[in-house]
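What follows is chain A paired twice: with chain B in the first complex and chain C in the second.
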Partner chain A sequence: MLVDAFLELLNLWVLVAALVGIVSGIIIGAIPGLGPTMAIALLIPVTFSMQPIPAIILLLGVYQGAIFGGSISAVLLNVPGTPSSAATAIDGFAMARRGEGGRALRFALYASVVGNIFSCLVLMALAEPLARFALDFGPAEMAMLMLFALLVIVLFGGGSKLDALIMVLVGACAGIVGLDPISGTPRFTFGSFAFENGFQLIPVLIGLFAMSEVLLQAFDRETLVGDVEVPPLKSFVVRFVELWRMRMTLFLSSLIGTFVGILPGIGSTVPAFMSYSLARSRSADPDAFGRGAPEGVAAPEAANNAVTGGALVPTLALGIPGDAVTAVILGAFMLHGLAPGPFLFRDHGLEVYAIFEALLLSSIPTVILGLLFFRVAIHVTRIQPRHLLPAITILAIFGAFSVNNSLFDVWVMLGAGVLGFLLRRANFPLPPLLIGLILGAPFEQSLRQALLTSGGGYGIFVGSPITIGLVALTVLSLAISLFFSLRKPRL
Partner chain B sequence: MSTNGHGGGVARPGFRMLTAGLLLAAAAWGLYSLDSQIQVFGFGASGPDARSFPRLALWLLAAVVALRLVLSLRSDDVPLGNPVRLGRVLAVTASSAAALWAMPQVGFFFGAAGAGIVVALMLGERRPLLLVLPLIVAAVVTLGGRHGLNIPLP
Partner chain C sequence: MRYTRRSTLALLAGMAITPLAAVAQQDYPTRPITLVVPYGAGGTTDISARQMATMAEKILGQPIVVENQPGASGTNAMRSVASAEPDGYTLIATTSSPSFVTPALRDVGYDTLADFIPILNYSGPFHGVVVPADSPYDTLDALIEGAKSGAVTYGTAGAMGGAHLAFASVAKDTGTMLQHVPFDGASKATAAVLGGHVDAALVPAYRDLVQDGQLRLLGVLDGTNDPDFPDAPTLKEAGLAAEFPSIVGIMAPAGTDPAIIAKLESAFTEVASSDGFKTFMTDLSQPVRIMSGENLAATIEENFAAYREIAKDLGN
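Up next, the complex of A and B:
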């Protein structure tokens, strides 16, 4: 299988897709405010006419490039493109201020690659066994698994649990619109055929992440970044021995990123800061952290990049996205006929392993292109939002339309944009909404199928060792969360 | 950037209260119209029907949003800010909506370009020459979409 999958990659279009994806990602990611989620969501329509393997490789290349691009604006401008880059900015910007911006970016790049390779290997080792195990799941097991995933998002996603719960429920309620999954009855369709397919994931994603950004920037015009001085960038070489000295930091950070990534909904901010704190506590000179310590750049970057490999494990094996980025990637897989879940490896094993290998091998062009393009990307950081955001608006309209060639989807995108603007201004988290939208309908379907099977008896949810295990995990998660809430000092 | 509600007083309404209020209204409307929006034909099957999950989800949403609203009364909120800033958001939304509404008649190029120009103006672009940029992007996207990706744009 691995050899056959590798042979699938020996195609010029695959190479072109990977290179175009990485370069586009570096450039888009370098623009403050544009994260990998938005970059992938906007570029999905470009892949419609492509074969599944090059299409997904292009999007994963965009992701890898955008994460590195995001560290460019974090290090040089102290403007983290994503919340997880905030940890990189602490020491990266301090290094940049003393003229070591180039060195900080090289550390970020190499650490990203280490994190990516580590998490890819874990993904390759864990995803298929997990999917094979999940083949034995019936509706009751799937319902309990999804309930556990939704609960983890609410309890451990960071921030207010109440806000996360509200967002999960908003997503689940949005997922109700359309035809009932069991009886086919229209629900909240207002008698319109357009509503019967429900809200499509890609237009909602484009609205929540791209259109809402346009509205936010229109609101915050006074505080736009644009004329910030970029510190002088001298060329500093990072020697292999310097990376070797921080091998344990890189390993532990990759480990944290990967395994936190596997838990749904936590995202990359928590592991980035966890790795930063761990690197600081293990350092012989902890006082150097915050004042430009290379390990302070490498640790969060390794963790940051390791998250997606980890988050892809439940996304691909179970169809449960780990964070916003993997939710977008899940959407891309579905659009190309590779429906994530237990049957993915059985039905499309060759394609999936080809994508895994490409993700692993793309570390090589990421390093080469990262080194070649970061000087170009520095100029990109100076692009004024008033020149960029009109283009994003046009691409958002185009992207939403092209999913089903329907203007209805563009209206959905605009509505999601307005909702996203309000929620982001009000500091409600968007990833739980997205995951609630993705999991809401299948959760209801599994729940009702299980109850139909049992004749309405709830005993089916504790009727097998798997469901008992999942109920135990759910109760344990609640207990852990309660324990930490009670221990937290109240101000 | 927060409206402080500490010190015994009630916080001034901000973005959090506005958003929570809208969500509560939407959940309440959903519950009110549930029976008319979801027809159920019973065939004697036991267990939940097409209304059960929506009813549960909407009740839960209404309850937790109501709790958020009550808690928001005595906690920090994000201020709504200068009405001009909200006006810019409304202008971008309205122009995009108008572009979508007009798109079947005027076509994708003019609709998208119009929305792009309004966004540029709302973001402070004042040089007429640079207002050509959205036109160029819209032209490239229209040509690329129609001829490169074979998408039947309006």
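Up next, the complex of A and C:
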């Protein structure tokens, strides 16, 4: 079977499809606001006339490329191209400012490839049993998992825990605006139809990270008067030993990414930040994180790329997509006669394994194309900010508008930009705000769903082995954090 | 080459002397038509509308540009098309929810019956009542019976959707404890019923999971049987006074010239009844269900009134 599937790949069109997919994915991902969902949706009609295998390989290449592409602008400009690369920006941009942008990009690339390969192998070996396992996560389990994720990010994300907690709560409160997830009634919409959709993630992300960066630099006199000194470009070399030393981080991050990817609806941003926090808490030198630690780049990149394989598990094995991207991929599979669901592996095993093998092998062109792309991209760091900022502003407005073709989103983006600017001036961390916005509404919904199914009894939150395990982990991390803060000498 | 240019010029001259109103009717369309989709790119509504557009372009002789305006369960796009110029150049491919479900619940800024002219219905996924394979409920009756002695939970794609409201009225009529649990999209409700976290789910796209024996189909919410499962009764056949007909159709803003509507209806109907379109929709696991604009208007009117009643009972 595996050999037959491999023979299917020995076709020029497969190679062309993979290259076109990866290149367009990287470019689209690097532009703030244009994410993998839009890229795949736009390319589906292009694949109509293609054979199923090259068509799907092209679209999955876009998916993988876009997730990785988001980290290029995150590292070089501090402007995450996709929400999941916001975690990469923290240490990646710090490295770029030291002139180590090339090295940061390489760490990101190699970690992405590790994450991809790991999750692909999991997908190939265990798709069906894991899809069964994912079904055990009902509303109560999801609520406890999200609580645990929030806690990990607040406790171990670095910086002041109180600041992080405040930001998470601000984000969660912003998530309340819109339609109530259980009763469907409008909340805090001020009678406006535009507010019914709530604050969308992409406009808020672009505002918080890209627009606030523009404002921050625009209000910095040094940037405006004369030339800013740009750091000289240092050596790009990443040695294998450096990666080998962080093997545990790469493994754990890939594991978190794959696992969270399998569960519906959490996406890749949360596992990226969880991995970052975990890598930091395990590190011998946690204070280096946030100041340009290579491990702080590698951990989130391994995780957010591992999500791709994980997210395909329930999509393909059960026909149940976990998020918008996989829903679009599901549609693409159906159009090419490979209907995902219980019969996919039985009826189309050959095609499916060929696609999996292509996903694995696509690491090779990804590395080659990535390294070529870096040679050009790295020079972005040598452009004077006053030349760069107008371009970022235009991309930000364009990106915010393009999500829903709605002008309201542009206003949300500008508002988030001003808020982000003020918060950054006051030294509040922005990532917890983003996580609060991402997890706030789903957490509320899961909590209330669980209580609806249990008839209002709180026992459901410790009613299954999974919830008990998650509650235990939550208590344990609280205890560890408390233990260390008590042991630390007070200043 | 010269010949073509001359004939084009002659055509242009001819157009200049024809009265304007007549041009609008006879020569329509003279420029690209926008077909708004109220959901994101890549979903089934979007993909089928794009195919519809591609195939209808050839008949109408002008490009049809699909524009996605997602958000607020489709009402944003409906509102924007309702206020568009009624010249036949802005159309919408819409579904049940923004046509007659959400408008029955609250002010959405448009009135489907007054602000739109339905052109045709071409699809509409069946919604099934599904339970896990090991569920004690074998029939709809058994499920309702079970809900008399204790709460039976059911998941749907979201709060105040058509499926939810249909079952809410069943619960009221039968005096049973059917507890609704809304999910964020039908796929998550399907996952919840597969995992046994809810007792039942009202979802589309159940075919393969039912055929594989992972789920059991007790009935469909539509007015007609699902051709793939002719034995699964509709709610009415099971003696319950409710239904949730699923529509996917094309509409134009009210005030559009009847001649233009007629032209569009014949073009889109030709596409929808073609074999090419049927094959495409089968690959997408979507049925082709053709209904004239008039019948679609009647379906919307009837269901809007029914849903208004249910919504009143629920206190909206």
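Here is the rule we use: the second predicted complex is superposed on the first by the 266 of 491 C-alpha atoms of A that agree within 3 Å, B and C clash if a C-alpha of one lies under 4 Å from a C-alpha of the other, contacts with A are read in each partner's own complex, and residues count from 1 in each chain.
Here is the rule we use: a residue touches a chain if its C-beta (ideal position, glycine included) is under 8 Å from a C-beta of that chain, and two chains touch if they have at least 3 such contacts.
Since this is a predicted model, take the numbers as computed values, not measurements.
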Contacts of A:I182 with chain B and chain C, given as first, second, both or neither: both
Contacts of A:P45 with chain B and chain C, given as first, second, both or neither: both
Which superposed partner A:N405 touches (first chain B, second chain C, both, neither): both
Which of chain B and chain C A:G455 touches, first, second, both or neither: both
First (chain B), second (chain C), both or neither touched by A:L169: first
Contacts of A:I480 with chain B and chain C, given as first, second, both or neither: neither
First, second, both or neither for A:T393, with chain B first and chain C second: first
Which superposed partner A:P442 touches (first chain B, second chain C, both, neither): second
A:V16 touches, of chain B and chain C: first, second, both or neither? neither
Chain B and chain C contact sites that coincide on chain A, given as residue numbers: 45, 180, 182-183, 186, 405, 452, 455
Residue ranges of chain B touching chain A (in the complex, touch as defined): 14-16, 18-20, 22-23, 27, 30, 33, 37-41, 45-50, 52-54, 57-58, 60-61, 64-65, 67-68, 71, 78, 81, 85-86, 88-89, 91-93, 96-97, 99-100, 103-104, 108, 111-113, 115-117, 119-120, 122-125, 130, 133-134, 137-138, 141, 145, 148-154
Residue numbers on chain C that touch chain A, as the complex places them: 40-44, 46-47, 50, 54, 67-72, 75-76, 79, 105-106, 108-109, 151, 153, 158-160, 179-184, 187-188, 190-192, 194-198, 205, 208-209, 211-212, 214, 280, 283-285
Chain C partner contacts - residues on chain A that touch it in the complex: 37-38, 40-42, 44-45, 134-140, 179-184, 186, 193-194, 196-197, 264-265, 314, 318-322, 324, 327-328, 331-332, 334-337, 339, 341-343, 404-406, 442, 445, 449, 452-453, 455
Touching residues on chain A, where the partner in the complex is chain B: 45-46, 48-49, 162-163, 165-166, 169-170, 172-173, 176, 180, 182-183, 185-190, 211, 214-215, 217-221, 224, 385-387, 389-391, 393-395, 397-398, 401-402, 405, 407, 410-411, 414, 417-418, 421-423, 425-428, 440, 444, 447-448, 451-452, 455-456
